[in-house]
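The next part holds the structures, each set out as structure tokens.
One chain, chain A, appears in both complexes that follow, with chain B as partner in the first and chain C in the second.
And now, the complex of A and B:
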């Protein structure tokens, strides 16, 4: 039995101005990526793009994008990522570049990596905070996503089979 | 994707986070994976930062941190909770988990296997429970077991209703599904000539398929006249709906209501019911069934029979009431006129026996009830009605032929179950000529018919019918009693409650025209519901031949009467039938390979499948007006079929060769007068070929030129002129366009849709088309029944010399040879 193997590219959209991220949509990324692949690799590239590429997850607040592609052609897609200079959404152009953080074989591995990465970022943000209020916020955020919290949630969920949003 | 699949997927993906984007309306959920990421939602709301209308200009570090944290949480949740997992999968250590576990539980160690199976079943069943309420269909074998067959039959009957004798017919006949019934078309054995012989000399049996739907009207005394007026027709002569049979219940003393049964063709049902409802103003549906009270007494027996006789002739005008979607009877009541209409489709079974020995078959099969079930009203002499009916019934045997009795007489009877006297072997019933000793009684019967009070029957009472249907012995019961008989083969004793009330209605045969009068007369047997098979099998055992729809069409054809949907082009049901027939014929035509089809264009036949009557009448009107140069405007309404007796008699007299009658002699003036009177109309004629030839469906009836008539004078056996071959103009088009042509546009060999002018297309003017044509076994030559435009006919007759009046040409659509034929209009 032959499996379809895929590769998931975890990318981050880096913009100079954070606020311009807001209009991000998965369709935007998809179309921009397709144009880039077409420019870089021509018809062959667009055909390959058509088959297996899809934007699986997008977080507009943090700029995290998860792109899935076939295992055979992920390098092609990856190479086209660096040619993206701007994202266009409803007439507004946003200057950016896509930074690939991680390549995983499954969504789960990418999610695990993302957890680690976010935690690292939070830890790095803490000393860089200027005001005290900010520091408090960041500390609270770090605490909120600590492992103990999550384990409590798990226990609750298993027991009551509920949505488990008491703790946040 | 079905709902089940979606649900399964949602269940699996409920832990996966969705896309998080900004939308102007707040929380946005993109096309992501799965349902809610709940922690995510709450986290942000608690953060107090609502992403409502305006997007924030600055994103501070705190919010960014929050976003990150929330994302982390979502990811953790997604990661730590495997999709669609039960504790089975987490119970196994990682090195023992296999990919195939999710779909085959055999890969698990045995201690976990049952749990996994249970879980798998539960997860399979959960979404299905809400979806499928019906039980899973059983295996074919289970469905076909004898006890479950009834369910199967009911399921099959949902679309097309079955007759009571369906199974018997299905084994021996080709069936046809039309008019929401499944009807026998013709026998699987070759039996056309045998059936004809049966109709001619012995007896033919049919389930009366034409008249199955059934209306029932009760009304009180005062509104009798009202209803009669209605039958004079609203929109004569244009609004015809179709023929119907009326049956009046005989008046019984101490009753105030009369009842009327109307039998119509199932194709008419829809039109008819709404009309009747409109006319009688019966709109309220009453669901409680009322007791029907018998009617007021009628003094003279004559009137009753005349009513019958008038009513039995199929009336061409019917104000119909629509029909309901079948099933239980429903009554409508009108508050002011006290008329109630109820729909009693399939409540009464009606069999038709055609042929001169039909009455012999009946007297063989039916035995009047030995004891009287309930003593009914007696007449003046004190003799009970039942006794009188029995006497008349016995007299029937002495009659030589069914045709001797006056048409339209009705005999009510109560008989025993005919299955009790079922013969061991099939035989043929022969007439008993010894009984002509009772000459006076028999002669009375043939001259006067049946007396009024003898037409009563308990069949009219709904309660009596239900009772009888209920008390019917099943076949199983009957067979059991037969085994218990002391002397095998003797007659079974009858149960007193199971005396079946019947009505025997005499149907006149051919009444119009001058040849073979009374051919095709017969008896109609009316039975209550549920007794169909019980009477059918004994009748068949007496040696009748059974016919189907095909035979009933031929029967009407030999009798020279129009058969309901085929020969009524002006009724809405007839129009529908014609379009259906056209579609069928066109399909058949298309099925043949293109080079083996008849090229109707080359044969000059414009309408091989459907006759454009409207166009024909209009063109004739134009032509006649042009030639006569009258300023009387040609009437271009919808065409009608000429049915008024007076006009038909005149036309009939004029189309005969030499009539020395001076009354209503044919001149231009009288012809013009008749034409004005009738308007654009068609007339139903019978054509008989003079020599060779066999007319086919939609053969063209054409006007002979003077040279043709002279040809006939010179040589009485000449075969007639020939039509020169036409050119197929579409062929050139086909050759030019080499690409694939639009198949809907042109069928090769048939004229495309907007037909050119019909009249002058061929070398002889077209008068009309044949609707039923065949070699007539009765006449010994080809005969056809056709519709002809009245103006065309008059135009033709005027131009023909006296001795040769009424000669026309007939040409089949697939031939170029014209044949001479003679018109006769039967009145």
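And now, the complex of A and C:
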């Protein structure tokens, strides 16, 4: 039927030191993105931004941002993301760049991708752990990350990780 | 028995890669001294206001420029025609003075710009 289709851009804010991430707000990202779209695409870009773009979700601990835009213009907004060099928050400038991880049609698909992506990142972190306690923490985190209605995956994870525990 | 000669017709959808526009600049307070570089800079400023850095970086060429009449011929790629034309329409001022761009002819072929049935004058001499 006829409805407004949107695209959700799942992005990650990459900063040199993680402590400056804590102060991020979705208003900061919105204003910075609007300025970048205005510089890159002029009045036309500003008008498109005003119509359909909104920052739907921001996680200050991990730096994950979810931006929604109309389906017709998501590439324009995406192209302006690369021109963002610093985020300004209450007079403090934070050097950063926005990395786009995934483009989804709904929030649900972006969430599924984020779960898979976080699990991959944790797997990557495991060899880099220095102490045993950290390793146990990471393993517990991998086991617990799943959507509430994806029960089969959890059972498989339990089985394979138990074998891994017995070997070490 | 020879075969009847075949009739073949070629239809091109995009015959030319470029579009050519014949435009003229009309200033409120009469003609000023504008060089061709300033003319092109003015059009680029108009593109930059409307379409930003990405729009202003789109390549277009000023092929001919008449300094007395302030008319010129622009060449632009097909994908940029709409952007260029809309930017010319919305350009309103040059050095704080009201101005307007009149688009006289647009054609995918440069040869078509050499004649214009609107400006044709019949008489003893055929002047175009």
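We adopt the following convention: the second predicted complex is superposed on the first by the 144 of 168 C-alpha atoms of A that agree within 3 Å, B and C clash if a C-alpha of one lies under 4 Å from a C-alpha of the other, contacts with A are read in each partner's own complex, and residues count from 1 in each chain.
FYI, a residue touches a chain if its C-beta (ideal position, glycine included) is under 8 Å from a C-beta of that chain, and two chains touch if they have at least 3 such contacts.
All values reported here derive from a predicted model rather than from experimental measurement.
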Contacts of A:39 with chain B and chain C, given as first, second, both or neither: second
Partner chain in contact with A:141 - chain B first, chain C second, else both or neither: first
Chain B versus chain C as contact partner of A:79, first or second or both or neither: second
Touched partner set for A:122, first chain B, second chain C, both or neither: first
Contacts of A:101 with chain B and chain C, given as first, second, both or neither: neither
Chain B versus chain C, judged by how many residues of chain A each one touches: B
Residues on chain A lying within both footprints (that of chain B and that of chain C): none
Chain A-facing residues of chain B, complex: 16-17, 19-22, 30-33, 36, 38-39, 41-43, 46, 55-73, 75-81
Parts of chain C lying in touch with chain A, wherever the complex brings them together: 48-55
In the complex with chain B, residue positions of chain A that touch it: 18-19, 21-26, 56-62, 64, 107-108, 111-112, 114-115, 118-119, 121-122, 125, 128-129, 133-134, 137-138, 141-142, 144-145, 149-150, 153-154, 157, 163-165, 168
Complex interface listing, chain A residues touching chain C: 37-45, 79
